[in-house]
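Labels A, B and C are assigned to the chains in the order they are written; within every chain, residues are numbered from 1.
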Amino acid sequence: MNRPKLIRREDLEGYAFIAPWLIGFLLLTAGPMLASVLISFTSWSMLSPPTWVGLKNYEVILSDDPLVPTSLWNTAYYVLFSVPLGLLLSLALAMLLDRRLRGMSVFRTLFFLPSITNMVAVSVLWIWIFNPEYGLINAALEKVGIVGPMWLQSETWSKPALVIMSLWGIGGTMIIFLAALQGIPDELYEAADLDGASSWRRFFHITLPMISPAMFFNLVIGIIGSFQVFTQAFVMTGSVQPGSEGGPNNSTLFFVLYLYKKAFQEFRMGYASALAWVLFLVILFFTIIQMKLSKRWVFYEAGESR
Amino acid sequence: MTNRAAALLAFCLIGAGCGGKTNDGAGEIVYNSSANAVEIQALQSELPEFARESGVSVKLNPFSGQEKLYAMIAAGQAPDIFYTNAAVRDRLAAEGHLLDLRDVSSGDPFLDRLWPQVVEDGRSVDGGLYSMGNWSFTAGVYYNKDLFDVAGVSYPDTTWTWNDMVGAAEALTKDADRDGKPEQYGLFIPSHFIEVFEQMNRTPIRKNALYVSIPDESAEVYRKYLDLMDKGIMPDLLTVQAMGMQAVQMLAGGKVAMLVEAVPNQGLIEALQIRWGVAPIPRFGQKPPSYFRSGSGGLSISARTADPESAWKALKWIIAGASIYQPNPVLRDADFVGGWEERYPQLKDSGFRDVWNLSLEHNGGDLRSFVRYSSWTSARILSLLQPEFDQLWAGRITVDQLRSQIPSINEQVERELRNDVTRRHWKPEFRDAVEAQLARLPQ
Amino acid sequence: MNQRAGLSRLKAIGRFVGWYGVLIALGIVFAIPFLWMFSVSLHDLAGVFADPFRWVPEELRWSNYVDAVSLLPFGRYLTNTVVITVCVLIGTVLSSSLVAYGFSRLRFRGRDKLFALCIATMMLPGQVTMIPLYIGFSKLGWVDTFLPLIVPAFFGSPFYIFLLRQFFLTIPREYDEAARLDGAGKLRIYWSIILPLSRPALATVALFAFLGTWNDFFNPLIYLNSPENATLTLGLNMMKSQVMGTGVTQWHLLMAASLLVMIPNIVLFFVAQKHFMKGIQVGGLKG
């Protein structure tokens, strides 16, 4: 008789703590999400009442829209490169900045600068950097005797260009790693030094396990975020004509860019909502895999969290 | 600690409460504008006087965007006046969100002050008048006079032809080290200006068409355009992403001798510190000229406005009263060229007056009536057609291969449009007009 | 012996130079967008379009900064932005840390499912929930007020909840147990043990919340209407838009204003970093 009562008290306490989110979810998030599910079963221009079409949108997505596989592939490519490269680079930078050298606060600020620079304001700069003839990158490549590619104008190189651009903005990820690195007690390293452990050993046996919760966070967030990549492609690709975003030849037509164009340029919010839920399922699938795998490599000081 | 937290919370509550001026409606016309800082300051300073004279108070909402407009409409809070381009206008009109301006403007002498084309451009397929052009411009060839002098090429005249332009461009291209990468190119035509040449070559323009077609006149222009790149007198479209800034940069920096751009282009005028002139778009042989002339859309009034009369008064004031937009080129009675020459003295011997007057004399109309930019299928057509154009400019397909894609694009557009006709809540006039056209697929 | 000492000293110097070499090279690469903005902000409009672009203009036009600021009532916009940002900052840190504490250190039925739900809400692109959300806020009469921008922060944000949860999980349970034996309740453990131990993580969240709100463009654009309610980013955008579709942006003024808007970010980052740097330990074996 005592046990269930105790559990109930714990439950109540738990719900009380998560109440802000729970209430917010019910009031602000659940409604619009539910609405978008319903909208995905309709034909809706946003301008008049929707018409119910059942599973029609999903049928078209799965069988009859060649741009769905194209945009999925573009997105997968972007995720596949920007997430691992971003994680590696930001961890490397964080470890570099973790050293106690003079002037580190300046370097930390420098590395973080692109993350606080207004994306839209500097899009012109990026287009210039990637300009095949006058741009900074190809000028640098020419110095070492390489003829640079067409970057944003090339079907092959437009996605790598956007990946390279994303690497500039890893400041946030870097900061999270830095905060995690700072949390590793010196005693652990001192003990390892006494054992005469090599730097690689120290990295794999102390650093990596100790920052694994932060690594897990950055990985999951990185995947969720890159699957939804939008702004860069929206402002950087295509010409001044609306509708040309995602070029050349749809090589930077990412999934969310595609659904944006469907919704706001073609007035097909129903179809766009269905696309969004397909993407939701894709991201969910990869996140669940992450969660399952994480039990093997993420180490929590507080013990198994269940 | 707790006290401090309480104080902070109090701050938040106060903060959240402020900025709370909501629109209380009565007699106030809300104008959603994407105006920039200078325009907003100018408009704000004149609105009180307009209110005194007309009894109409206008509230300016300078933060606008397409997504926001649709959200406001979906929430039943459409602003009274807002900007629409042709594609958006047709959609909104079909679903009953726009006031037919014929209701408020019939018998109004104001319509006679506008160039007829401006009024015509505001009509949709049902014959209704759903927007009023608030600006207009043409296109021209800006050229660097110093580079022309050095090369000993005479400046273009008002009757020059495509071949004259190519000849000049050849003489103006300089590749001293002969590496195939000229230091100076004769010409640059951004790809989004190619329609201007199609129009000059007398490509038939079908207003409010639902389908795309690439007639022989257009195909000829594409071939000539590709030829410019093959000859090396125009930088490869691929090497230059013709985003506004970079195209202007090339002309300003002497990288190209001629550049096709909008006339007038205020930013270009302000940025150029070279000696420059502007010539009309060259003609094609003996064909009578047809100059591009366009508004960039227009102002529409919401069908839900509480006070259509006041909204119409405010709309007229924005176009013809607000001093920042005067002299407005949509008005027949305004001395547009004179006004701009006064504002920018460098225009005086630039050829601007000739370019402008020619575009009035041989007005080829608004390219936005061209299917790629108008009507409710344009977004879909563009998204299907643009990848093909990308490949054409990259030299991967030929003009004929591009043309062979057109039927399948039109079929797809037709299929989707048929769905819309049955599923969307369109006004009957629009449904009938679209259905009538659906049957007529071009060959 | 002496030689060897000299050699290792040489090695140390070499390594020292090496680290700084790497740091400076990377620093330049990462600072390029910023340096470019700074350079453009000191040109005149024609200089912006010059080819080749001169990184150091012949004449440094500091007056651009004065011109940029006098173009719009930036003082008003600054006040609005500060009010919104501070409110969001407080709301985010308070509520997200509470929720994260619940998800990381309490056991209750359905916890993991609810946490998964919390993460899942991030997976749906905002483009399709934007209109329903807008309709909701407009039904509440909150459009053209700061409420749609501020109030959601007080319900916690999944991103920060997840981040803080990860950090809270690195704090050993013994701390809670010890405090519990001392008779402390859950709220007390949260307030006087978890929060102080998580200062680097909280500082990170506060920083992100500040930057995210300060630089947010889309939400203010959607929800604010009156010019007097504008935030700094909306002000910047008004400098960008063009006169009747034919203007070219006044890049030099835009960049000057953008840099001024960025400065608080940089200063804040520079100052805040000491809070997530050494001296404060997260959940170490210390103590």
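In the analysis below, a contact is a pair of C-beta atoms (placed from the backbone, for glycine too) under 8 Å apart; a residue touches a chain by one contact, two chains touch by 3 or more.
Worth saying up front: this structure is predicted, and the values here are computed from it rather than measured.
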A-C compared against A-B, more contacting pairs: A-C
Per Cα centroids, the chain farthest from chain A: B
Separation of mean Cα positions, chain B and chain A [Å, integer]: 35
For chain A paired with chain C, centre-to-centre distance based on mean C-alpha positions, whole Å: 16
Residues of chain A engaged with two or more neighbouring chains: 46, 124, 128, 264
Two or more partner chains touched - positions in chain C: 51-52, 130-131, 154, 240, 251
Shared-contact residues (touching 2 or more other chains) in chain B: 67, 70-71, 74, 244-245
Complex contacts: residues of chain B adjacent to chain A: 66-67, 70-71, 73-74, 91-92, 95-97, 181, 190-192, 235, 237-246, 376, 378-380, 382-383, 386-387, 390-391, 394, 419-420, 423-426
Contact footprint of chain B on chain C as seen in their complex: 45-46, 48-52, 71-72, 80, 83-84, 86-87, 90-91, 94, 130-131, 134-135, 138-139, 141, 143-147, 150-151, 154, 220-222, 224-230, 234-235, 237-249, 251
Chain A-facing residues of chain C, complex: 16, 19-20, 22-23, 26-27, 30-34, 36-37, 51-53, 95, 98-99, 101-109, 111-112, 114, 116-125, 127-133, 136, 152, 154-156, 158-159, 161-163, 166-173, 186, 190, 200-201, 203-204, 207-208, 211, 215, 217, 233, 236, 240, 251, 254-255, 258, 261-262, 265-266, 269-270, 273-274, 276-278, 280-286
Chain A to chain C touching residues, read off their complex: 7, 10-18, 20-25, 27-29, 31-33, 35-36, 39, 46, 93, 96, 99-101, 105-118, 120-122, 124-126, 128-129, 134, 136, 168, 172, 175-176, 178-180, 182-185, 187-188, 210, 213-214, 216-217, 220-221, 224, 227-228, 230, 256, 259-260, 263-264, 269, 272-273, 276-277, 279-280, 283-284, 287, 291, 300-303, 305-306
Touch list for chain B against partner chain C, complex: 5, 8-9, 11-12, 15-23, 30, 34-41, 44, 59-63, 65, 67-68, 70-72, 74-77, 134-135, 137, 244-245, 248-250, 252-255, 262, 264-268, 270-273, 296, 325
